[in-house]
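Both complexes below contain subunit A, partnered by subunit B and then by subunit C.
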Partner chain A sequence: MSESLLSPPLTGPGPRRVPLPLITNPSEGPVKQSAKDFRSAEEVRWCPGCGDYAILAAVQGFLPELGLRRENIVFVSGIGCSSRFPYYMNTYGMHSIHGRAPAIATGLSVSRPDLSVWVITGDGDALSIGGNHLIHALRRNVNLKILLFNNRIYGLTKGQYSPTSEPGKITKSTPMGSLDTPFNPVSLAVGAGAGFVARTVDSDRKHLTSVLRAAAEYEGTALVEIYQNCNIFNDGAFEVLKNPATRDDHLLRLEQGQPLRYGSDGEHTIVRDAAGSLRPAAEAGATEGSDAEVIHDAHAADPALAFALSRLPENGGPTPIGVFRSVARPSYDRQVAEQLEQAVQASGPGDLDALLAGRDHWTV
Partner chain B sequence: MTYVIGTNCVDVKDRTCIAECPVDCIYEGERMLYIHPDECVDCGACEPVCPVEAIYPADTLPTEWLWHLDAATAVTAGREDEPDAGPVDDHPDVLKLPARTGSA
Partner chain C sequence: MSKQVLAKQVLAVPGVVIRFAGDSGDGIQLTGDRFTAQTATFGNDLATLPDFPAEIRAPQGTLPGVSAFQLHFADHSVATPGDSADVLIAMNPAALKANLEHLRPAAQIIADSDQFTKRNLTKAGYAANPLEDGSLEAYTVQPVPLTTLTVGALKDFGLSRKDAERSKNMFALGLLSWMYQRPTENTIAHLTTKFAKKPAIMRANIAAFHAGWNFGETTEAFAVSYVVAPAPAPAGTYRNITGNLALAYGLVAGAERAGLPLFLGSYPITPASDILHELSRHKNFGVTTFQAEDEIAAVSAALGASFGGSIGVTTTSGPGIALKAEAVGLAVTLELPLIVVNIQRGGPSTGLPTKTEQADLLQVLHGRNGESPVPVVSASSPGDCFDATLEAVRIALKYRTPVVLLSDGYLANGSEPWRVPQSAALPDLRVEFASGPNGVAADGTPRFLPYLRDPQTLARPWAVPGTPGLEHRIGGLEKADGTGDISYDADNHEFMVRVRQAKVDGIANDLPPTVVDDPTGDARVLVLGWGSTAGPIAAACAEVRAAGGSVARVHLRHLNPFPNDLGEILAAYDRVLVPEMNLGQLALLIRGRYLVDAISHTQVRGTPFKSSDLRNAIEKVISDV
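Right, the complex of A and B next:
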């Protein structure tokens, strides 16, 4: 393999999207990867049975699809159980500062367009300590894929309530029950102007993989909330959505262009009430095929449908999973690159050394 | 990698492990249980609960049980597409094993 193939130079004055596919062997075609290629030699340390294992396996199983070299993929995490993730990936990675993974990943993504940048975070890391960083990454539409593992508890610190814990939850730090109204990460992301918002479940490998695929294809910030079981401190938090006996009546699988239906035979429908909220129809099948039936459109420019969907469980409806919103927006990375290019055109390439050495700007 | 159930499960099959598995990748045959090697996420939850120490990570599986990995692979093939389709057929080599009383 020639040297230039291994490290192609970045072209042009400013960052550009440089697709770096897998190295191709002229005689054999593209090099094939498997999940194994993305496993690091580190011993995986989460509690036995933790949902994080399932997410790790799904991500490692999915990445070969991207056809990217491992050295062009980066996982940046914050602090928490989920944030151990980068150790277990045979890619570049960084176990960073509490809540600050989106900030670090923003710098990386904007300055290194040849990288596929993923953020691994949890409900505490992303929504409490790092709440600000998350919403600003979302509004900017930085080219990041943010996987938010939501287990509704602080696991690493042994079981205090988190920003997504349900009201009344009794934990070590809320002995009489939590008084806080929880964040709904999907509502929050839609409200922050995110272009791509999805939700999936740790144990549903197929669904999780399909959502990862959609997120990876999106240019800009993709926020993926993953319901994750913490079997030690919050076991069964999503059991009703997983148990074959109950899941059909509590889970709504969003499909683009399809009516919002759930139940074992798709017999339950969703209607829009006078106030514009979505609710389950009073009678099974009542609106099936009628004009009142709500059709899913993740590409709608107006975020109203995505937001209403995110509130469905609060209105007595099922919990939607899948892609809530996916609308094209210019990515921050691309816009920064364009500005740099314009600046270079207008004023020449500049001299970094001169800038660093500086001049005295201040006269007193 | 994957976890593998060995001979100690045969005719014991108390199903304790099934309740622990977060991804429901343990399938039931007539005589023993089988872990789907591609669905297993290596979380290790099943191993400590087995009363007869039948479960091992594939890389520390006792040599005389290595064939159980191939047996499980064969028996569970395709089940990822129909996870709720009921019991699996035991592997022919498992059917040949002498009846066991459950003491490991």
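Right, the complex of A and C next:
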């Protein structure tokens, strides 16, 4: 036994027991709020013309319909242009460190299941420095809504290639072209076991809002990839998907229970080839037509369709947007809370004096 | 079991150091733990040193696979596990060879003679059998065919020979329990519970344990048993406790006394994992444990939980601290409570995972970018881990700051008797969350200022999500004083850097006076220590004093900030000796801060200081004054 030279014996006031956990939500229930209730006083400092403005407006515009009071909403971000987002939201927020937002949000969400926790991240933040946290949040199904702003470039550090930049990209750090094979964020998320994966485009407010709504309704990790234009360092990266002259032939809008079709009149069909991959009928040597068409089912338990859809552009097909996968799984937060409750039911609330004394003790 | 019929000679001895050694698969740590539990219940004071390899099962019978457990117990106060053992139990030749250096001259060696086969001797690098060739004549050697005796005792249990052999550690425990007249009830109870689902194994282990005891009692080879009387101790309820257990209990107690949920984010790492294991068993206290994907996620999740109003904790060792540095820096600037536990081990890099060291002091103080002050609290003994943890929780909550709590591998796995505190006597750690606006906006309306500080503590308000009207954003960018808005203003940054430092420095005003152990008052040499060196330093000082020398001693709990009175205390002595298990990290700080010509005495062997070595170092300094 050590004779302590340290602080005098610990003392304190009399007995006191505090029920745990203390935190209760003081203000649940629907409330009338408008977009302007979600605007903070902070001056928005993105470059003029940045796609982030449209996403911010869409989020502020759609949040009131969730019926959540703003004090119960938290935005957590990492580092990068998009990660300034929380400063502009009049909710609780944290602009954290590079790549770690999903981990910070995990601790917050698990310890406070009463909150609505949103993660704002970018292609570098989520897929490069923070890739590990992203895949682990997805596999656990923590109750987070992760908005991944993908502009396929590093903007805040002024124009290096990112993990989603196309091969051969000439940037400040790749004067002879990038040698990296890019991540497809939807493929990655499906592969990581995500229960909800979607993609949308910054300029399509209606689609963006519908996807955000679906994400908000999902209990668990919802990953939403948002194609976002960086007009300074990677302008026009998604032009082919946005230009009215080209978009119909390059964009496939996913709709639950509907056949996979695209083209100005829905004339193009997606078929499954012998290997199980999805391809445009023309590419696969099949005829356009209803007998071979594939019906979209985001609720399919098996992730094969969602994964095959995510690979369509790599197979010469259009880029799908919408909800790739939305499959109910118990959220991590809920399961953690249930274990805490079960422990109390099994052993009663903790008795500190009994814990400290233990079983093998003796009295002098 | 007949403990009262003792025809043999019984000698009273003041204290004994026993070292159990064997293969890492031999159950040595379990044997040591059980002997320790018996000894603690008996009322001896004690200190233990588990000493095992990083490999789970190194090749059997080899030197790298040797696992050992040293226990010092006595009828008086014990400060260390003992410099050298009086008794070695060697389960094979490798265990003998690896542990001879830990024995005092003429020590008793009990060896399992069955294991001294040609093959095992070769594995251990012996050309001849040391039990027979006279090379151990400086010791008292007692070869015992432990394996044969165990298998014989279990011959009616229907076990395979291999399974029966596995109980030989319990046979050895029984023999030692007889030798030192230990109470056996709680070992029987422990085996009954541990093997409740394997009744055959349970019965075999209990039978082997009894057989070992009876062997001691009946064989002529063991003529003497020993009695070590209970040690006097202040009245109270006691238990034996390891540092990691005490630390885990400190976290649970801290959360209870604060009335807040505890959230542990952790990634498994030796020697810290036991804290994760322990806390995961206490969910009924509102404790959430999260085994993260990596060290960074572990601290990040803890910080996220702190933002939400929990006590966020992360537990790790030195390599993990390196990975967590950026997130701890974020906690510094967010000014949120966070407990960062570092169970130090030998470094650099992976280093010596299962061995002790205290070489992370400078890392935790300075291993972050920018001016990033973090309070640092250290534990000095296994039981003291409880008090140190409560102190870390207190500082973190009161000052809204990350706090590093330093322990080490020796404290983590070592154990000692601990007087169990009454929960009601523990400090009140309640804090108040912000509940309403604390300032006024330019237009005169009330508003919340997340960085408006308490004038006394300089702590900022803790406003948790869910509180209406206090919505605010915080982040890693520099914040404007008061509002917390992003600010790149030069004057503001200068102010914020200095005020964060002042907040941490100000904790010194909130610390008790430093205790100086200077019984004669005429010492000219002060020994200044921190962390797990407390035991060896105390023992060394006691030896110096017993020999007529004068020496003073101070042991630091707080390494950042230092106590306000430390400078004055240091100045009162002609020489300051700083023993550390590193290359002089505290000594560097003391020199820099106080301009004191501190004498650094260091060792980095992965084991605690021997008190005799420290005694020599102290006496040399005394003779040089």
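One rule holds for everything that comes next: the second predicted complex is superposed on the first by the 311 of 364 C-alpha atoms of A that agree within 3 Å, B and C clash if a C-alpha of one lies under 4 Å from a C-alpha of the other, contacts with A are read in each partner's own complex, and residues count from 1 in each chain.
Just so we're on the same page, contacts are C-beta pairs under 8 Å (C-beta built on N, C-alpha and C of every residue); 3 or more make two chains touch, one makes a residue touch a chain.
Predicted model, so just to flag it, every value in this text is computed and none were measured.
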Touched partner set for A:P86, first subunit B, second subunit C, both or neither: second
Touching partner for A:T363 - first (subunit B), second (subunit C), both, neither: second
Which partner reaches more residues of subunit A (counting touched residues only), subunit B or subunit C: C
Touching partner for A:A105 - first (subunit B), second (subunit C), both, neither: second
Which superposed partner A:I97 touches (first subunit B, second subunit C, both, neither): second
First (subunit B), second (subunit C), both or neither touched by A:D114: second
Of all residues in subunit B, those that touch subunit A in their complex: 20-24, 39, 41-45, 47-48, 80, 84
Interfacial residue positions of subunit C with respect to subunit A in the complex: 37, 40-41, 43, 45-46, 77-79, 186, 231, 233-240, 249, 252-253, 255-257, 259-261, 263, 265, 282-286, 288, 290, 292-294, 296-297, 300-310, 312, 326-327, 329-330, 334, 380-381, 383-384, 387-388, 390-391, 416-418, 420-428, 430, 464-477, 485-486, 511-512, 515-517, 534-535, 538, 553-555, 557
Subunit C contact footprint on subunit A (complex, rising order): 1-8, 10-18, 20-23, 25-27, 40, 42, 69-74, 76, 79, 86-87, 89-97, 100, 103-112, 114-115, 132-133, 136, 336, 339-340, 342-344, 346-350, 352-353, 355-358, 360-364
Residue ranges of subunit A touching subunit B (in the complex, touch as defined): 44, 46, 48-51, 53-54, 56-57, 202-203, 205, 229, 231, 244
